[in-house]
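In what follows, chain A forms one complex with chain B and a second complex with chain C.
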Partner chain A sequence: MKRRSESIRDKLLPAGAFLLILGIWWVLSLTGWIPQYMLPSPVDVVKAFIADFPNLMSHAWVSVEEALIGLAIGTALAFALACGMDRFLNLEKAVLPLLVASQTIPTIAIAPLLVLWMGFGVAPKIALVVITTFFPIAVGLLDGFKSADADAVALLRSMGAKRGQIFRHVKFPAALPYFFSGLRISASYAVVGAVISEWLGGFEGLGVYMTRARKAYAFDKMFAVIFLVVIVSLVLMRLVTLLRTVSMPWMGKAKKEREA
Partner chain B sequence: MKKAIALILGLTMILAACGCCADGVQELIPIVFCLDWTPNTNHTGVYVAKALGYYEGAGLDVTIVQPPEDGAVLMCAAGQAQFAVDAQDTIAPALDRDDPLGVTAVAAILQHNTSGILSRAGDGITSPRGLEGKVYSTWEIPTELEMIRYCMEKEGADFNTVKLIPNNLTDEPAALRAHQTDAVWVFYGWSGIRAEVSGVECDYWDFASLASELDYYTPVILANNDFLQRDPETAKAFLKATAQGYAYAIEHPQEAAEMLIAGDTTGSLEDARELVMASQEWISARYRAAEPAWGRFDPERWNGFYSWLYKNGLTARDLSGTGFSNDYLPEE
Partner chain C sequence: MELLRAEGITKAFDGKSVLQDVTVALEEGELVSILGLSGSGKTTLLNIISGLIRPDAGKVILQGWDVTGRPGQISYMLQKDLLLEHKRVIDNVCLPLVITGIKKEEARKQADAYFGRFGLEGTQMLYPSQLSGGMRQRAALLRTWLCSHGVVLLDEPFSALDMITKAQMHEWYLSMMRSINLSTILITHDVDEAILLSDRICLLTGTPGMIREEIRIDTPREERKDFALTPEFLGYKQRVTAALREA
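Right, the complex of A and B next:
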């Protein structure tokens, strides 16, 4: 009983904070204290969202598609590389510093280059999403493999388990929570990555829509896109959490037992 | 004891020094001038006025800044900059609103629209008709595309046959040479001259000579409306000094170009000295063109373009008669 009221409170608090901020925002724009071009009123934003809904959706679909394909390729690559690095220590020594360094390259600088190499289609956008989503997953997985219980590995080995079996029964399950943490971060980057790459040349997508709105000084539309990007990213992150619960039911159970 | 005396003496000297400064030098009024893009020969007059002390002589301390992308109008409207560079076509959407952004064009940097379509020589894009079936790099601005459609239809050509690709080019002549595109919108004073300097054989046609209603003002100097209302004298002082800067640049293109290069804190011009010099020679003759004074708007020409926008459905309101003023320019 007590737990139930707690969970309701946990949901009410952020909702209340959100409504409070929305209220302050609304009052500020209603009184004209902040001009519309600096901060359009929430009502204007909602109106723009509704008025331009079909257009927004068709652009959003393009961005989401790029984000999902990029995320899938990024995940697959990260998984392959992390397994390789776990298997061959020399590979890890050689590649990991490069990986870390690659994350310090400003995306805004390489996006135009990608367009130059791959043209105006979806390829450079997907490539940019792959680059941004790849890293958190690869590093997460690598840490996860290392976190595997050394005693369990030793036990299996003493029982004559092969490398593949150890991987399947000890290392992989141990790495899953790390993998999903990485995937959650990557999912939140994916849509933003797609939008940034669309800024720099393209005909469709939320980034293109944003650029057009900016050039037309349509600030209500700008904010409508910002909210759409936030919503889509949150949905994507929620999906990752769901996937995690489905693929690791024991984690959910363990958590509940601990709480009880 | 000695220390105390030394301290008192020292303090007196510092105080004396301060007093002397306050008496001798007049307080300068800080002014922020926001460019539309990286420094180029459109901006030379401002750099000259700064280098030759025209601003300081007028009691102004001018800082030149670069905007976030497409942000010059907003910076000016928000009061972060008293003055900014933009153009008549691109400020139209900022004025075409229930609450127009608070900016007014107060000086025309160039008298005429010197932009047009650049293409490889030999491709036959010597007039709008030549664009049929060719690849055009577009910024996807409605006004831009409508102007091209308008010019093509004037010649009985079909705009729908043009293949549009996004324009993310920085060096247009090089992109033409590499066949990345067939045609691209350029400002002749920079990219057209760049083609000449780099020896890329190009064809070019411009909008102003095809249709007088497209001979709008680009670029222009904008001012913040609140600032204009609050302090018209400072605005006039700034424009007077700026006009002197442009007058000097008209008379002495080479020296003026040197001041632009020296004043450019981005350092991007130092590597393009030949281009800057050639561009300056070309553009210095066009700041004032055939007019008696620099900066003045011809209301008929300003309104002609804005009513063209309205007639072609590019603005929801007829903006004729709004957005510009000759009141802050020095008397002729």
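Right, the complex of A and C next:
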């Protein structure tokens, strides 16, 4: 019973903080301290959202599609490279420093290059998402493979297990929690990555919508689309968490045991 | 019948000699303890017997076959139970069978038959985190035993358990060894445990480790229920402790 009231409180607190900020914002725009055209009231934003809903959705769908395709390719590449680095120590020594260094390149700086190379279609958008989502997953997986219990590996060796069997039974499952942590971060990067690359040219997508709203000084639409990006990112992260629960059923069991 | 023999095992790491001409033999149905202080090379010896490490000199013979440096022949259990948290208990137990190429369904069937005897009935589909310490240890033991050729190597398997659970596990292990005709090499630094469980105790001491003395415990294993409280037991303990101190 206590547990339930605690969990209700854990949900009420952030909801309360959110409402408080919303309230302050509303008051600020109502009193006119900040001019209407610069900071539209929350009500105006909701109105803009509803008025332009079909249009927003069709743009959102394009961005989500780019984000998902990019995320899928990024994950696959990260998986392949992490496995390779785990298998060949020299590959890790050669590539990992480059990977880390590559993360200091600002996304904004490479996005225009990608557009120049690949045109205004979806290709540069997907490429940017791949680049931004790849790293957290690759590094997470690599750490995960290393986290496998050396004694468990020795035990499997004593059973006569081959390298592939050790990977399947010990290393891969040990890496799963790390993989999902990385994937969660990457999922939030994916939408933002898609939107940023759409800013720099394109025909559809939330980034394109944002650029048009900005050029028209339609602040209410700007806010509406910002919230939409946030919501889409949160939904995507939530999906990753769900996927994690489904693919690691033993984790839930352990937790229930501790609570009982 | 002699089941297993490690003959003249010698091993050095980076020029530092760890084991010197160690010979251990195991008869069928026997439990032999290798008793030694920390750092006496006990675990290295077990790694060599299980084939994980190659000795510099010497051989490991299992039922007449040379298995030196060939893992997968003699099963091995560590102090940590090393159950894989992501597998159900039954899949943990039949992992060694799956590794040797047996189909999962078939392996499960084979393993399932022994759950009752190992006091694990009804835990098949649970995850390891749902088991108690003693049960985890028994599950690890069942896994070890399933892939054994009648011989298991135990590396301080009971030392992480609390006293009561440990005593229960000792009693259970002795009765189970009888019922499935199991032979065991046990590594331990616990003198009481060695006397309580063993037919013979090999004292591995010094650097490099050598077998200084072998002590036979003559009390039949069937009569060891309250063995630890008898004068006989204390006599053995005196002998073992004295021998350890001398070394």
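The working rule: the second predicted complex is superposed on the first by the 256 of 260 C-alpha atoms of A that agree within 3 Å, B and C clash if a C-alpha of one lies under 4 Å from a C-alpha of the other, contacts with A are read in each partner's own complex, and residues count from 1 in each chain.
Just so we're on the same page, a contact is a pair of C-beta atoms (placed from the backbone, for glycine too) under 8 Å apart; a residue touches a chain by one contact, two chains touch by 3 or more.
Just so it is clear, the model here is predicted, and its values are computed rather than measured.
*Asks:* What is the contact status of A:M57 with respect to chain B (first) and chain C (second): first, second, both, or neither?
*Replies:* Neither chain B nor chain C is touched by A:M57.
*Asks:* Where does A:V27 make contact in the superposed view: on chain B (first), on chain C (second), on both, or on neither?
*Replies:* In the superposition, A:V27 touches no partner, neither chain B nor chain C.
*Asks:* Name the contact category of A:D149: first (chain B only), second (chain C only), both, or neither.
*Replies:* second
*Asks:* Touching A:Y217, do we find chain B (first), chain C (second), both, or neither?
*Replies:* The first partner, chain B, only.
*Asks:* Figure out whether A:V115 sits in contact with chain B (first) or chain C (second), or with both, or with neither.
*Replies:* first
*Asks:* In the overlaid three-chain picture, which partner chain does A:W250 touch, first (chain B) or second (chain C), both, or neither?
*Replies:* second
*Asks:* Common interface residues of chain A with chain B and chain C?
*Replies:* Common interface on chain A, chain B vs chain C: nothing in common.
*Asks:* Report the residues of chain A in contact with chain C in the complex, numbered from low to high.
*Replies:* Contact set of chain A toward chain C: 149, 151-152, 154-161, 165, 169-170, 173, 176, 248-250, 253-254, 257.
*Asks:* Quick check on the complex: what are the chain C residues that touch chain A?
*Replies:* 50-52, 71-76, 78, 80, 82, 84-87, 95-96, 99-100, 126-127, 129-130, 147
*Asks:* What residues of chain B sit close enough to touch chain A in their complex?
*Replies:* Against chain A, the touching part of chain B is residues 69-70, 73-74, 77-78, 90, 93-94, 97, 99, 101, 139-141, 164-168.
*Asks:* For chain A, which residues count as touching chain B in their complex?
*Replies:* Residue list for chain A touching chain B: 35-38, 112, 115, 120, 200-203, 208, 212, 214-218.
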